[in-house]
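Below: one structure in structure tokens.
Letters are used for the chains, namely A, B, C and D, taken in the order the chains are written, and counting of residues starts over at 1 for each.
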Amino acid sequence: MSEVVVIKNGVDVVNDLINVIVSNRDYLSEIDGAIGDGDHGINMAKGFNICKTRIDGKELTLSEALAELSDSLMEGIGGSMGPLYGCIFTGWSDSIQGKTELTKEDVQAMLVNGMSELQDISPAQKGDKCLVDTLFPAVETFQQAVKDGKTFKEALNIMKDAAAKGRDSTKDLVAKIGRASRLGERSKGVLDAGATSCCLLVTQLADSLEARIK
Amino acid sequence: MSEVVVIKNGVDVVNDLINVIVSNRDYLSEIDGAIGDGDHGINMAKGFNICKTRIDGKELTLSEALAELSDSLMEGIGGSMGPLYGCIFTGWSDSIQGKTELTKEDVQAMLVNGMSELQDISPAQKGDKCLVDTLFPAVETFQQAVKDGKTFKEALNIMKDAAAKGRDSTKDLVAKIGRASRLGERSKGVLDAGATSCCLLVTQLADSLEARIK
Amino acid sequence: MKLNRIINDPNLVVEDAIEGYVAAHPEFFSKTNHERVLKYPSIPQQGKVGIVTGGGSGHEPAFLGYVGKNMVDAVAIGEIFSSPTAGAFLDAMKAADGGAGVACLYGNYAGDNMNVKMAVKKAAAAGITVKTVVANDDVASAPITEKEKRRGVAGEILMWKVGGAAAAAGYDLDGVIAAAQKAIDNCRSIGVGLSSCIIPAVGHPNFNIDNGMMEVGIGHHGEPGINVVPLQPAKEMAATMLEPILTEGIFEAGSEVVVLVSGLGATPTMELYIYYAEVDRILKEKGVKVHRSYVGNYFTSLEMMGVTLSMMKLDDELKKLVDAPVHSLGMVQG
Amino acid sequence: MKLNRIINDPNLVVEDAIEGYVAAHPEFFSKTNHERVLKYPSIPQQGKVGIVTGGGSGHEPAFLGYVGKNMVDAVAIGEIFSSPTAGAFLDAMKAADGGAGVACLYGNYAGDNMNVKMAVKKAAAAGITVKTVVANDDVASAPITEKEKRRGVAGEILMWKVGGAAAAAGYDLDGVIAAAQKAIDNCRSIGVGLSSCIIPAVGHPNFNIDNGMMEVGIGHHGEPGINVVPLQPAKEMAATMLEPILTEGIFEAGSEVVVLVSGLGATPTMELYIYYAEVDRILKEKGVKVHRSYVGNYFTSLEMMGVTLSMMKLDDELKKLVDAPVHSLGMVQG
């Protein structure tokens, strides 16, 4: 018996992602303000809102909806978040083209592909205090959970835990990448904004998928 | 019996004038801040301090010392105060050249000449809310007092009263000249800065002269 | 509260700044024997009418920044927001005189009026003919019926531009004066202030604009304006400021104008352009043609926030003179 | 607390400002089919290497103000303090390409690096050769041993000046890249911040400098510097800022340099000159010869108070290129 996630309209899932970012706009900017330039929530919300106007009311596969999200970021906001999240979502989108049902393995492939697209553009490593500190552990634990034969739901929950832990781990890290890296030791003691938005997104993705497991 | 003021060193009298302005620097700026640009004390103190460095330790007639004060203002500060007070002090200086003893009539001539030098350069009238509201009544009452046969000391005190009344009269006036004139009705309710500094100077002059009546 | 600014002795900011100007720009500034007078190096030029101005400091690039080729020849420099001395004006006149007389083009403030008057008298005694034009472009400072009471503001720059170009073109003194007078007569300005400024020697703001409010018609030294109103978006602000300028009736449909938008010091440059876009839109609607526009920090008031709008109506002569090349710190043109 | 600034919709400040720039200066700016790309009207010029830059808004006149004759040909415009998109960089490259390739000269920030990288890839696919120089002149942002981590700041202007002049002089793409690279390699910068700034869409300052303090080494977006110290007089401030620049050893006695002093937005112009006078004095003492100096608001950070100092060491080639004529909003030179 293999569980699948059934996605009638990919727009609904992407709208979930949009909502979680838009409703955390000020929170994300505030975090960025501590050791960055205070605009992470603004940047993210702007790009995600652009996507909203592009997909609202449409019927799209998840792949198509994610491609819209990627384009909205890449073409709509620039900055670092445009290319970084743009590449992640391109990676997700590319690996599930045409699918309306996703197996654990499909989701695993999707997550891994997003990670590798990101690596193409950013040299960031775990421990650098950036979104990678959330994303990589999330992807890796999901892979491990699938390998260990966990249920879809279990794997998603394991991933959520790993994302949260990853996000929290950034608190004690010294930033090695992005604007905060200029701070050296002074960057310690606060969460990383990108790691926080990434945790929101990974968690929301997991929740949205879990709700559609058939 | 005709009283005279004996001035051994004109520098001492001018130093009294300098001190009264310098010690009221911030007060005068504050008044100017209400309806002007807040620099009257600065401008005045700057010019008077320049004079201090020029005359300190010297022996000069009052005429010479006043000429130094006039030059210090005219050449040292510019603005409106340079020419306005510069002309007043030039007028004072010119009419008592070479004198070390001053009669009531000498002081009267000196005051009148300062007033007329001022009128050469400024069209200001009584009621315009400026230093003229102090200066003109002061001069005129001194003239009247001399005419009425008051003693030197009485005349000086009458002048001081008139100066203070003149200064206070500016409170209810609408400015018709200087920066405050742009304010119209809004210039009412506060003293005029120039009328205030003029009152300080006239009062100090009276006190310094009175102390030297022989 | 410490003054968070870049200075040494707050009482010597003008002296110290002059040092910097002369050190940085020997191509524009020569010292004279008056420490508050700077001149363009190749001045005096025999046979050319000399152009002199002067005014308080704190308005940079005005006044000294308009010393240059085809603009101002010599400048008298005052304390912050305070007229230069009569002696400084006089020495600037002497420096600029090339035998063809001197046009002293300055702004309508009591101090400047008195000091220039004294200087002109002394210059005449020294055999130098000086004629003057007094800028009074600020519509907010008095009704048109009392135009002689109006302040000179950023429109002065256009007066210098026109006067300087006329002198460079070989106009005689009366011609230069007539051209400069026409420039300022054809000019209207108004400012809006959003925040105050601090004169270093004073150490605290000498006026106050409440947050969320703006002062319409503010002067370059913080002189109160016509009205304090809630802060308007750029679009409304442009309309609010254009209204008293356009009611005077000189900028009718079909006329060609120069528009000069200046920041007061601390307003980000991009906002001056946001503002300009709105002015441009309204003028287009009214059929007024912008021949040339200047947008930037042309005439400031230390670190005040706010903007001034100046418009000059052109005829053929003014157009030619405005378009002429110029080379100064504050304005460079082809 | 209301934002006391001159804007319409805080989320559309960049769009609105672009409208103003294009309306005010048709001589400098043509629109392209990408709304965040502006180009010099007579571009592309066949056979000339195209010069492209781009960066976040809020630094005006940087970046778009350096579009002009003999400087930048096309510019990609980002949100406030945020890199333009890859698509904008790509379209700027397309606009600037006259068949001789494009030099993309930009600053070292993560976003710009990624967006330019993607744009270069797509440009190559479209048959356009693009080579890049990444400015990293800010000595405060990383030790010399990690020079590749250093930010690009106001030294970028000198890189554009040199690159633009090289392209105008007929250098080929490799030549332009080599000249621009040499310019930035010979350049060192540092900034000092005295007060914060507010991004309109954020609505509150995103960092804080206590009154009476200054942040040495601050970045153009308020990135924290090396050190927060009590505010120094201009004289000490100049010494404090020159120290880390001079220790790198490239400006030895006898060398000739260009000095660029820029305000961060709200610092009164006269104070930039007070500051410059002190820099000039120290350099004279050290035997460093200032060949040319720029003082003004060349690269700002909205309404921050503060100053940046950039120095570029000259050789014969750089001197020729720096001295070449240029005509842009931000820099005009005979």
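What we mean here is this: a contact is a pair of C-beta atoms (placed from the backbone, for glycine too) under 8 Å apart; a residue touches a chain by one contact, two chains touch by 3 or more.
None of these values were measured; they are calculated from a predicted model.
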item	value
Set of chains whose contacts include both chain C and chain B	none
Farthest chain (mean CA position) relative to chain D	B
Distance from the mean Cα position of chain D to that of chain C, given in whole angstrom	29
Computed distance of Cα centres, chain B from chain A, in Å	77
Centroid distance [mean C-alpha coordinates] between chain D and chain B, Å	55
Chain A and chain D: spacing of chain centres that average the CA atoms, whole Å	33
Where chain A touches two or more other chains, by residue	none
Topology of the chain contact graph, where touching chains are joined (line, ring, star, complete, other)	line
In contact (per the touch rule at the top): chain pairs	A-D, B-C, C-D
Residues of chain A that touch chain D when the two form their complex	29, 32-33, 35, 37-39, 42-43, 46, 74-84, 121-122, 177-179, 181-183, 186
Chain C to chain D touching residues, read off their complex	1-2, 4-9, 13-14, 16-21, 23-25, 57-58, 60-61, 65, 194-195, 209, 211-212, 214, 231, 233-235, 237, 261, 265-278, 280, 293, 295, 297, 300, 302-303, 305-307, 327, 329, 332, 334
Contacting residues of chain D [partner chain A, same complex]	11, 56, 78-88, 109-111, 114-115, 117-118, 141-142, 149, 151, 199, 201-202, 206-207, 219, 221-224
